[in-house]
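Shared chain: chain A. Partners: chain B in the first complex, chain C in the second.
Up next is the complex of A and B:
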């Protein structure tokens, strides 16, 4: 009995210490910082995106803090891991950032999770994602949602134009069931219709599938000029390219720009050589970003979201520098201003919170000698 | 051509599922609890091979037996440090089941922490165009996987039927109390079933690493398929688990020829559900009932 009482008191004391330490940390006078919430996938399949994005955000914030902060106030990131496409965990983390940490703006989430943006709208919190392309439906106007990812319509149109130029007019689509892939496919279909390219068929696999042999046999029978592979993550692309080679399909693979990922080169570059083609945003300040990133982290960014994450952080900091503090003030500022951007040179959001199409130029890239390089024709 | 290619695809998938299911079933048959962390054993072995071969640069043929041994050791440690403690405290099978899930998640997270989330490859075998056999294309690695799986499973069958330890395992599996009365140390047999089952999982991990590459969650996907194969064939019966796994591999690959590809996992789960509802003893359960 005595042991139980001592155990109970010890637990209560630990809880009390943690509670008061937390309170003290929040109320330290003279050290008030500007808090920005970060909601990224730091575990699971999307972690390779999320980890690089966090580095991009941290790099931007460190630069700001080293230059004296925002009007003398340091910027503090409060980072929450959402897991991969885990909507309940993301909503819980979002509510924690809003209600406990009291942030007005959150950078994230990684990838598309319908439901999260709806909660952000209800909470009236600015959500600026480095790679979200969907929002709620991709069509509905959102007040507080922004994305620094490149415009999908323009990307898919550039890819369709490339297919037409190369006379790849009979195409089969292979995609997973993730909402991102659904949106990419939708945009691709719009673009190929515009270019009068024929889609012979479409195959959907469950997100995470890595065995495509049966689908590839079906595709081989259809004799397409190209396969459009729309996947949310890097993990199925490598096995797909490998199985294409094993099954002796000599069909080029068109892909969404998320394929431009160092992890693919690290592991599967031999299968992607002269096979994969995608429309990549012409990153205006790519060299500058990569040199800064590599100097800071001694590694290249793994996913393609790092410069977009950096841009998102810079846009928010710019808003704060102009004395915007509440979510409504930040939202209004973001919608009405132009921001310096690593990816686009100058970044402007459209009425839906997405990057304005006219600022983006795309270049068709492929893999050659283990590198992503602009395609110069065969 | 299409039929033979689908058959080959089913055979490759089935061979990998069978290796996972055989080890899982072997452990279940003696311990009588579901060891879902068997999936983690597959992943741990595969990553250990990656660590030895790709990071440390140790010779591949030395790394392979070390990875299998590490898998066996990992399974043994799971039993001694975790399950045995719960069994000693007379924990129910539900607690052991939850524990096994906990271990699976824990070790996947540790792998994620140590190796990162991106897909890894073991670049030992250069992949080229497959060989055409009767209209189907199959790579030399896939041929090796299928043949090795059959050989290994035959060795397992021989071991269980003909060796003293195998017979002791079957005795504990049939009736632990009677086996203990006859002087068989059940704890020791549990340990051996973890060692052998986990070594087989280690082999599966290596094959998956070479054929499908590595990622932290690879164990979860495989244990789901292995478990399904084991239930179809008759959980607790290693030959049944092997048979069930091959059936699952064929059903998945032939099924999506007629159904949309997205139904692949649905096919597996429908079969699992049908067996759980109408034939919970699995296919080889019939034989056992007749024997009884």
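Up next is the complex of A and C:
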């Protein structure tokens, strides 16, 4: 019994000491910093997105600090890992950022978690995500939510137009069963209806599935002109393309822009060659971003969200530079101003907190010689 | 401001405590290695959320969540009653996948991956528990009721029979006890309280989707039961506090941002391993997990 008590007390003491030591961490006098919360997936399936996004944010903040900070004050990032689509853990991290670190604005989360958006709205905290496409799935209007990801409606319309131009008028959809794929599919269906393209059928697989042979055999029998593959995670895309080749399906694959990630090229580029087509946002300052990124990290961004995350950080810094400090001041500033952007040239948010469709141009890309390049026919 | 963070953690402790003591009834007291516990949590959360969105009062939602989860407990108990150990674990895990797939694919009811937003906070006698502190008081009250109810059940004659079944089912049957009925009730009671925890979770977060009820969610709950010790309520309370709070101090260790995610997870896993190395029966365990 005595050992049990000692053991219990030791664990409790360790937790308490670290906890309260951390809780009492404050800025030292004379070194007041501007704190920005970061809530990204740095572990699990979504880490390939989150890690690149963190690098994009860090790059923007380092540039600002090297240039003297915000009106002389350095910017400090407080980074929290959310795991992958772990709503309770993300909400706990959000509560810590807001109530212990005292941040007014948080960059994140990686991938859509409407439960987290609900809590941020309740806490009246600005949440600016580099890749969210939903915000919240109900009719509720969000006040504090923003996203620097490209508008999905415009992206899917560009893809549907491309399909129409290439006479790909009989399409089958293959998708994950997560919120992202669901919304992408919905937007794609709206776009193909507009272009009078016929959808022969739709196949859903549990997120994380890597064996699509059953679905592909059925799809082959349907003889579609193209397959629309709507996936959020990078892990199923490579196996899907490989299995398409193995089954001798000569059907082009249309995809959402998240397909543009280095991991696909590293491992499956031979299967993606001239097969995958997607509408990629025409990143206005792509060369500048990539050269800066490679100079800093000696590698290309793996996930597609890095420039969007950079843009999110720059938008927040711009708001701070204009003396916006509270969440209300920052959200008002974000809603009423335009910001310099790597992806869009100029970034402007619409009334729902998403990037305004007007500023986004898309270019159809494919894979050629192991690179993502603009499709010449588009 | 720090109080808000601590209040949030305390609410999570209450929800996990209900979930874990409910699992104790099945695993610790009855010896039923039920890996489908999250399915009952999911049924409770969806039942409560759908009723709340339809305008039913909180108490109705809470009780209905428990009852529907209990019915699903009976549903899984009937075909698995002759299974024990690994076989029961596999069957109940399968049930968890089935419930997850229903939540994901019955889109007319659950909205599938889009989830159910805008679940109202509890309202009792005109008082809305919109403030987290008020919600914490409610969560503590519900957790205490669940705790004492389950403690009473465990120490009753019924509880003793469950323990006897866990230790030697054949002998218990020879003594004239209907182990089939007892195990079915045990699973039903366990599911009832998991449903209550689900209802509390749905009304706290105010949004649910299937991603909150994957099979992986059973890991922390099972970890609480094992670390606390089988058939120990005291151990369950301490283990719940440890498991919920253990990741939190690590947020304050200044890891470089490039390794923050994996580093915290490695330390968390190592700490859990250490606890189990030093106390293989758990903190206050009475029996060993077979």
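By our rule, the second predicted complex is superposed on the first by the 348 of 378 C-alpha atoms of A that agree within 3 Å, B and C clash if a C-alpha of one lies under 4 Å from a C-alpha of the other, contacts with A are read in each partner's own complex, and residues count from 1 in each chain.
Basically, contacts are C-beta pairs under 8 Å (C-beta built on N, C-alpha and C of every residue); 3 or more make two chains touch, one makes a residue touch a chain.
Everything numeric here is computed off the predicted structure, so don't read it as measured data.
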Applying the document's definition of touch, where does A:298 land relative to chain B and chain C: first, second, both, or neither? neither
Quick one: classify A:47 as touching chain B (first), chain C (second), both or neither. both
Chain B versus chain C as contact partner of A:79, first or second or both or neither: second
For A:263, is the partner it touches chain B (first), chain C (second), both, or none of the two (neither)? first
For A:242, using the defined touch cut-off, is the partner it touches chain B, chain C, both, or neither? Pick first, second, both or neither. first
In the superposed model, does chain B or chain C contact more residues of chain A? C
Chain B versus chain C as contact partner of A:369, first or second or both or neither: neither
Which of the two partners, first being chain B and second being chain C, lies in contact with A:182: first, second, both, or neither? second
Does the superposition put A:336 against chain B (first), chain C (second), both, or neither? neither
Residues of chain A that sit at the chain B interface in one complex and at the chain C interface in the other, please. 43, 47, 51, 177, 204, 206
In the complex, go through chain A and note every residue touching chain C. 4, 7-8, 11, 14-15, 17-19, 21-23, 25, 38, 41-43, 47, 50-51, 54, 58, 77, 79-81, 83, 85, 87-89, 91-93, 95-96, 98-100, 102, 113-115, 118-119, 122, 134, 136-138, 140, 177-179, 181-183, 204, 206
For chain B, which residues count as touching chain A in their complex? 2, 5-6, 9, 12-13, 109, 112, 116-121, 126-130, 137, 139, 212-213, 215, 217, 221, 253, 256-257, 260-262, 264-265
Sort out for me which residues of chain A touch chain B in the complex. 43-48, 51, 177, 203-206, 208-211, 213-215, 217-218, 221, 234-235, 238-239, 242, 245-248, 263, 266-268, 270-271, 302
Quick check: in the complex, which residue numbers of chain C touch chain A? 1-5, 8-9, 12, 101, 104-105, 111-115, 117-118, 205-209, 211-212, 238, 242, 245-253, 257-258, 260-262, 264-265, 275, 278-279, 283-284
